[in-house]
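Alright, structures below, take your time with them.
The same chain A turns up in both complexes below, where it pairs with chain B and then with chain C.
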Partner chain A sequence: MNNKIPNFVKTNQFGLLILVIVFICIFSFSTDGFTSRFNIYALSRVVALDIMIGLAMMVVILTGGLNLSLGALGVSAAMFGGWCMETMGIPISITIILVLAFGSFLGWINGFVTVRTGVHSFIVTLATMSIYFGFMTLLTEAEAFRKLPEAFTDFGSLKLFNKYVSPLLIISVLTCFVLYYIFKYTDIGRKLIAAGANPDAAELSGISVDRMFIYCHMLSGFLAALAGIMLTARIGAAIPSMAGHLGFDWLLPAFLAPVLGGTLLSGGKVTVFGTMLGAILVTLINNGLYLIDVGEFWVRFFLGIILLGAVLLDRAREYFTVKNSIVS
Partner chain B sequence: MSALLKKDWFGLGLVLIFGSILISLFKPAFISPFNLYVLMLSVSLMLVVAMSQMIIIAIGQMNLSVGAIGGLVAISFTGLMEVYSMSILPAVLIGLLIGLACGFINGYITVKTGISAFIITLATLYIFKGMNLGITEAQPFYEIPEAVKFFGNAKIFGPIPYLVIIPIIITVLMWILMNRTSLGRYMLAYGNNVQSSELIGISSTKIVIYAHVISGLLAAIGGMLVVCRLQLGTPNIGDSWLLPSFAAPVIGGAILAGGKVDVIATAFGVILVSIISQALVIFKIDPFFVQIFLGFMILLAVFINRYREYREERRTKVFSDE
Partner chain C sequence: MSDYILELNNITKNFPGVKALDNANFRLKKKSIHALLGENGAGKSTLIKIITGVYNQNEGKLFLNNQEKSFSSPNEAMNAGISVVHQERNLIRRFSVGENLMLTNLPKNNIGLIDYNTVAKESKKWLDIMELDIDPNTIVSDLTVAKMQLCEIAKALSLESKILLLDEPTSSLSPQDTKNLFVLLKRLVAEQDVSIVFVSHKLEEVFEICDEVTVLRDGKNACESEQITNLNRQKLVKLMIGRDEQIIKSKKNIDFTDESLLDLQSINTDLGHKNINLNLKKGEILGLYGLVGAGRTELIKCVLGLDKINSGQILLNNKEIKIKSPKDALEKYKIGYISEDRKKEGLILMHDVLSNAGITVWSNLKKILSFLNDSIVYNKVDPYVKQLEVKTPSYQQIVSNLSGGNQQKISVAKWLASGTDILFIDEPTVGIDIKTKSYLHELIIELSLKGTSIILITSDMPEMISLADRIITMKDFKVVGETINNHNYEEMSSSIMGNIHE
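So, the complex of A and B:
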């Protein structure tokens, strides 16, 4: 009996997909304007960023660690990009390469210190969070870069597919596919997962776990920097406070998306498309809460409840699948 | 003497004494009564917050919602007094009760589901903070009884503020809890190794819930002390607690994996962080540097701890070879 249910149904990606569809139905029937072209376009701009942030956290969760400095890192990279373009007059394409390299470098610092000290990455990235954000504020004197090249800001407000979709979303979805390919089919991707799943076993089979962990942190920095650039393009300016104080505004979506998507916090398991669905769900709920008009101040409360509900549900699902498999 | 050298707080103590002497040589204003008063105020407040985090670190977890609990209690405390014109004592009791309830929720969910405390407290951080903003709509309460204002700003004698009384009592109680009671020992055992602590008959449920309840209570006290100090209840109380709450126990030598915390070292960590922040202000250094500095301090502490462990390992190796 149990064998007839396809495996996909048992995964939490399936549950997520159902949830996403349910929420879309609820919001489109209960609110005006949820399905309007304007709202869908706005959603695609937001969801693009949430996916990228979620992926950036996901690759560090793979190591069993976390990256609190995500927001601070992303904003620092974005401000660096703003400085390159506005003050130095560096062309856009080179700037983007520089920013991504810079983000990877900051990620490398996180990874290097974590690996060398053997301290949990929570403490390391807590420290680097305040260091990155502090230096960024100090160097920029908390001033925004608002005179960015038009070609760059135009890209952020471009509308594709009958004006429904932002190009930013396409970047995020492409990134998902690339990451999926890396983790599924490449040697390095499998090594990364092996190192996260069981560091001792990986070390014994000849994988340099330390190097893999550093790669994960670098990848996280790279993706956070990419998110920073995308946010800059979306806003049309590089603003020090665009991710809140110390980049904290990014933290909830960063954890929500991978956790909802079924990434194990203990490491060793990534779900790229789960993270994507998780990010979509978070954005939908956020957007829907505003449209239902629960009041700006209660949105946070509901997001917290949803995170809690999601992890509890996931736990229950795990519990029942284990129970079922024992019975059969 | 050699026993003293091994203590976590010994090195920190030396740094503190020499550091303070050095700073006051360059800037005599550092030991002016006013500056000492300000220093003691900031130490008092951070001490309670650091203890609130320390007890969770002791059981090998982390509590992101410390600031959110503090903020929620702070606005409830002032709201009860202003909107419902409640007298101080019942307002304090209800404040403590809210802290206790918040801590209980954290602990209960964490231990019953087995989900990482990080995720649970991240969720409750948003829940508590959301309640705070939902209730206040981001507006502060200004009507604070005179007695509360007095307690937050008056001095006992010289530069010593009344506000230090409660943090000192808490520190002593925490020291007794961690060093002289079986509950404290069990918490450390649990933080060190969950499985073996369960095997010797320690109830995980009890330990985790107790630790989170104590953490919630301390966060509540911290929130109310900030109200006394600021003379108003703003919704953003507690927003900036996260970094310092971890900084002090880590600098004080707590290992984040749990099972090794030192109350005195944490207190020294708080004092060190406060002195440095203060010194940077006196030397007219950009306030953003304070933040950067705090970050570097944590990293430095982490490296020093690592080095000490490494040395310890080598020493025990030599010993076993003989």
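So, the complex of A and C:
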């Protein structure tokens, strides 16, 4: 029936893109500072992080699970990085590799416990959230690492493209492309999606589902650690409370981006660029509402409403998912 | 006055791009059992959905007791005395039988709480009518599949239904349970003034129980209210598929004294299999027959490493092997398993045709750095999807949108593509139309002639006898008999049933 409308128009991402444009228009006209160079640069720094934590959550939602420990894990990894650089004097590049490995390891713990016990990852990561954060606070004595190498903190405040864009955003966008490539063009990516969509059928088709689920959690840990490094570079220090108590500040954007983006909560479908657009939308609304000066609590109120709306959208999507492709 | 309780005249139903029903007629006589037959996609389900108020017809009229009716919801149809018993169970498993039966009209006591005594008493009444010996307080999940089926019928009766539509009621029943069900249905018709529409793929059952037959083909009547006594199996099949049925028989010369390809020796498992010995020759189709619950599928799953084998050994080409997982079976030993439950275990319904057909070959096809794109997978699986004549608009079609027969073909295609030496095929034709069924039969025989060794699990006796070279009978997780198949239906079936009932 709708043969004349190109398929792209019917996708969730197209709807998101329209929303993003609509909000940009609204905020450009209704606020003063929205299109200023300063604000756009600030936006690019924030959105970079929101994209990364959205992706970190997305790869676990793919399995039909959740990663509540995301924030705690990211901050723990960042603190580990601060310790490496400040206390141990390890070079930046090696530190980054160590931090990413550490994040993957914490993710592996999440995945291993989930797979071995058969308990839902909601419970497992609720526990590890507390464990990681508690352990980190204990070891660091809640002290921040503020004397990081200048080369590292300078990178966080670097301004590119006529001083409009933070390099952090480029890292996030590149990560999106890499993840898209993995899910679309590799054997392992296909297996991750198949295992998430129907574990029983995937297992009987010769896929080691447990291993795939563990990979997803490791990837989530890796991305959360990367987000931790990026946040450290952005604020120029590794601070235990930089993602709020127990890392809670990350949870809302982490859910919002993939769910708005079209990732099914029941698993088996990823939308890398949808997640990116979802993160952009969340950051925009956040930023715009601050500029309109509605107050901190109203911003939270609106984000909560949006999450609820997005979840309803997710329910609706399960009925209308038919035409959409598995990876987008 | 006609003696029809239900009449549908010249029904046409259009869906976007398809005419599902085209001037179809259906007339149900009072107190009769009427078979509604047709291949998948012939329009049976659409007709049933019109009768039960799920759809409205575009053209044509529906008469109930000679009065024109049009139902705008299933509830209206139910209130008018029309009930459907679906293939899928419609009972709430954690509720008691009584609660399920009385669900829409739970009796209350003075202070508005549920009056469980009345629930038990009322539901007992309906269970008694059916001569069912079930305590109304039993939790549904504790019942056998057969009893659940009967409870559903009791539930329909409790709604004072005068027309019962039974959709494949015997698909999960053992032969004995099926017999009991038929006795009951006949009694309901005789004593309770009930008329029954019977939908089934099993033609033997139609001849056993039905009075009249209506066949649909491509949305039109291939025959209308024909007396069953005027028909035989060949005629009926011809009406359904529009051509004569091909009888397929596997004829091979297998020397059963040859060395075995796969050999299970005194296998005991966690699930309760006791001392299982069986061997599979190269190119053989080895049938595993047994009633539901005999432990056949479970045995295969243990062999695949999904459940634990406690003792005994598995030999492949006389070498002992340990299979840890289906992945191991596929990649190390070239053994595959086509599941009986294609929706839950065979396919990823929300994914497209290409990824379902290719899932078993991704590992083999991947290039450097695990690179794999759609065209590599397409080139590999396309010949098999074509060979199986899968009808799909494109490889990007989501599998849940395809018909049952096409879905089954895809779950077979992925194993053909994987090129396994040994295939375990579990109930390959459940709920599948005759055309696809005989197609799959030919394919299984062809595969074995080309050297694939097959263990075939089926509860369909004619299927077993036409395909298998040798038949192993299982009962209560033990092997109770082994027979070389001579393809003579009477001899073989009595010998197998003899093994089971000894």
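Here, the second predicted complex is superposed on the first by the 308 of 328 C-alpha atoms of A that agree within 3 Å, B and C clash if a C-alpha of one lies under 4 Å from a C-alpha of the other, contacts with A are read in each partner's own complex, and residues count from 1 in each chain.
We take it that contacts are C-beta pairs under 8 Å (C-beta built on N, C-alpha and C of every residue); 3 or more make two chains touch, one makes a residue touch a chain.
Computed from a prediction, not measured in an experiment: that's the story for all the values here.
J.: Looking at the overlay, what does A:34 touch: chain B (first), chain C (second), both, or neither?
T.: Once the two structures are laid over each other on A, A:34 reaches no partner at all.
J.: Is A:202 in contact with chain B, with chain C, with both, or with neither (first, second, both, neither)?
T.: second
J.: After lining up the shared chain so the two structures overlap, which partner does A:183 touch, if you call chain B first and chain C second: first, second, both or neither?
T.: neither
J.: Applying the touch criterion given at the start, work out whether A:259 contacts chain B, chain C, both or neither, answering first, second, both or neither.
T.: First partner only.
J.: Quick check on the superposed pair: does A:222 touch chain B, chain C, both, or neither? Answer first, second, both or neither.
T.: Once the two structures are laid over each other on A, A:222 reaches no partner at all.
J.: Looking at A:127, would you say it contacts chain B, chain C, both, or neither? Reply first, second, both or neither.
T.: First partner only, chain B.
J.: Is A:145 contacted by the first partner chain B, the second partner chain C, both or neither?
T.: Touch partners of A:145: none, neither chain B nor chain C.
J.: Of the two partners chain B and chain C, which one touches more residues belonging to chain A?
T.: B
J.: So in the complex, which bits of chain C are touching chain A?
T.: Of all residues in chain C, those touching chain A are 16, 304, 306, 325-327, 329-331, 336-337, 339, 344-352, 355, 359-360, 362-363, 365-366, 369-373, 396, 398, 401, 414, 418.
J.: Going by the contact rule set out above, which residues of chain A touch chain B in the complex?
T.: For chain A paired with chain B, touching residues are 66, 113, 116-120, 122-124, 126-131, 133-135, 137-138, 245-246, 251-252, 255, 259, 265-266, 295, 297-305, 307-308, 311-312, 315.
J.: Along chain A, where are the residues that touch chain C in the complex?
T.: For this pair, the touching residues of chain A are 1, 184-191, 193-194, 197-198, 200-208, 268-269, 321-323, 325-326.
J.: Quick check on the complex: what are the chain B residues that touch chain A?
T.: Residue positions touching the partner: 62, 109, 113-116, 118-120, 122-131, 133-134, 137-138, 239, 242-243, 246, 250, 255-257, 286, 288-289, 291-292, 294-299, 302-303, 305-306.
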